[in-house]
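In order of appearance the chains are A, B and C, and numbering begins at 1 in each one.
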Amino acid sequence: MEPRPLKFIIEALLFSSDRPLSAREIQEWIGQVNASEVRSALEELRADYQQMNRSFRLQEVAGGFQFRTRSDYAPYILKMLKTTPSKLSRAALETLAIIAYKQPIVRQEIEQLRGVDVGGILRSLMEKGLIRIVGRKNVPGKPLIYGTTKRFLEVFGLKDLDSLPRLKEIKDLTSKGAEGSSSAPSGHETVPKEKDEKQEAQAPNQEG
Amino acid sequence: MEPRPLKFIIEALLFSSDRPLSAREIQEWIGQVNASEVRSALEELRADYQQMNRSFRLQEVAGGFQFRTRSDYAPYILKMLKTTPSKLSRAALETLAIIAYKQPIVRQEIEQLRGVDVGGILRSLMEKGLIRIVGRKNVPGKPLIYGTTKRFLEVFGLKDLDSLPRLKEIKDLTSKGAEGSSSAPSGHETVPKEKDEKQEAQAPNQEG
Amino acid sequence: MEYQVQLEIFEGPLDLLLHLIHKNEVDIFDIPIATITDQYLEYLEMMKALNINVAADFLVMASTLLHIKSKMLLPNAFEGEEEEDPRMEITRPLLEYMHLKGVAQELSEREMLERDVFTRPPDPFLYKELKQDSPELDVNIFQLMKAFKAVMEGRALETKLKFRPVKWSLKEKAAHIVSRLRERGAIYFKELFDGLEDISEFVVTFLALLELVHTGVVKVFQPSPQSDIKLRAAFCEECGEKDGTETPQVHN
């Protein structure tokens, strides 16, 4: 058998895998190739699919590469799989956002930020494999410390934690808050317009 | 969203299916297309991939069409699959959990808790490098004492044994808030774009 | 007929405050604290009127607001000194909460796996071929915790189901002896233990007998040192056989 082009070997691996594959893993399986060869073959593949503009493409997620369908096709696939899309509640998303940005973080800190108890939400996020326990904080009570998982990156299509949106702003804000300066930050902030659309507390609305 | 070409819709379905799809099934999922349109789109797809001569192709197999990698790539794929993470059986997981929480522990104590013989499971957990023999108990028969390994910590992403959640914490996370919105059946959860989507009358602090 | 009430639901006090700030279209750095506090309290009252349980978090915030309001009303005792605007106590967490919501929103707008995008499924044929253990494991701590919880709960349940039938209580055994005596008036000591297989049942039966003798419910006779020990019910003179020659003799 004549040797196959590296690009196609990698393509075959990616196509038969149900998880993102890292360049390093691929290199190990194939053997006798160096890391930069694998890297450039991966990039080439990604460009190929980008250009072909088919229903799926090669995406860099969670420290690896994975073929994924384009979102345009989701309705058809959901119909085939007979599933309702797995979604997260607003409360769960907010809690997840806190953990993602502030990790490692303990439950109490999360609750301070959200202003409500999050026990049930933590359970549900753990069950979904989006967060995990990373240790215990060395303070009285030794509370558990939470962090996000690789699955979190996969679900949200993130290359790594640094790819999280708005990371900088959040950090800025926190440090400002910690200093407790009385002078309000310059650009007086007003509330985003679209949020005004939120319904007001409704008068009792009878049903049934 | 503008309608996507039928060929690509079919491609997306085939891509995300783990079994061959028949033209009739595809026709049903997509709707508003007739059988011959589906048939010819499938043929076109097959010709596309034939011509592209990539590492995988669309093959007509019993019961329909399926993407399959070319046999040339099988050795690489097999190599990859051998390193695919395997899952632990429930029995193994339970036994491991007992050892993790009750270590150091002898076999008899594990069997008392699980109510069944665990000889085979202990051997398999040992082969997987998750548990180890830490000594012998100084009682008649000098039974072996088991404990978890460093690999156990790695697999579960724990910093140390201290990071294992305590039973009370487990109960906190696994049962509390079961009725809360956060853990509502996932199928029904939505990601509200706006607050208006919330409809049920509930106490404000649902997780509390 | 019951009416289902629809009321804007707030995740917590911060959520409610933010809503009030939006509604009043005010600057978050210059919150009209009196107005917002009044509206906040109004909302809590409405919840109470609708019989909705007001969580403690909301009450804590209410007292914080009232505290800030009173501070704002007081003439500043430390005039001249740089004192932080008391409102910062709520402005700061509110700002952080707002950003947090923005981030959550951004997360939800990303293409989500199994909602918007899909991957190749595991190939059932390929995986069937590979039954052997791979060095890597696909498990998480949550599964481990659940397994442990299941074991601990399962054991408690089993103890109840499994061991109760084979446990003998003194009371049950005593009742059993009494009922046998009531039937026949007197029985031989040896008969009590006929058919008993379990050592624990044997012991409990004997202890029950001692207890009955001790309380005087059962009398023990041994007509002669060689003869079998006989038990007689003290409560039932007329039942069973009559034997005028016996001498009470308690055996230990």
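The definition used in the following text is that a residue touches a chain if its C-beta (ideal position, glycine included) is under 8 Å from a C-beta of that chain, and two chains touch if they have at least 3 such contacts.
Just so you know, these numbers come straight off a predicted model, no measurement behind them.
Using mean Cα coordinates as chain centres, the one most removed from chain B is C. Comparing each chain's Cα centroid with the centroid of every protein Cα atom identifies chain B as the most central. Centre-to-centre separation of chain B and chain C, using mean CA positions: 30 Å.
Here the spacing of chain A and chain C, counted between their Cα centres, is 34 Å.
A straight line joining the Cα centres of chain A and chain B is 18 Å long.
Annotation for chain A: residues 15-17, 67, 69-70, 73, 77, 81, 83, 86-88, 90-91, 93, 116-117, 126-127, 132-133, 149, 198-199 touch two or more other chains.
For chain C, the set of residues touching two or more other chains reads 4-8, 11-12, 15, 55, 57, 105, 108, 118-123, 126, 140-141. For chain B in complex with chain C, the touching residues are 12, 15-19, 77-78, 81-88, 90, 93-94, 96-98, 100-101, 113-115, 124, 127-128, 130, 155-158, 164-165, 167, 170-171, 173-174, 191, 193, 195, 198-206, 208. Taken together, the chain C residues at the contact with chain A in this complex read 2-8, 11-15, 18-19, 21-23, 25, 27-30, 43, 46, 50, 55, 57, 61, 82-85, 88, 91-93, 95-108, 110-123, 126, 140-142. For chain A in complex with chain B, the residues that touch the partner chain are 1, 4, 8-9, 11-13, 15-17, 21, 25, 29-30, 54-56, 67, 69-70, 72-73, 76-77, 79-81, 83-84, 86-93, 95, 116-124, 126-128, 132-136, 142, 144-145, 149, 194, 197-199.
Contact residues of chain C toward chain B in the complex are 4-12, 15-16, 47, 52-58, 105, 108, 118-124, 126-127, 129-130, 132-141, 143-152, 154-155, 158.
Against chain A, the residues of chain B that register as touching in their complex are 1, 4, 8-9, 11-13, 15-17, 21, 25, 29-30, 54-56, 67, 69-70, 72-73, 76-77, 79-81, 83, 157-160, 162-163, 165, 169, 172-174, 176-178, 180-184, 186-192, 194-196, 198, 205-208.
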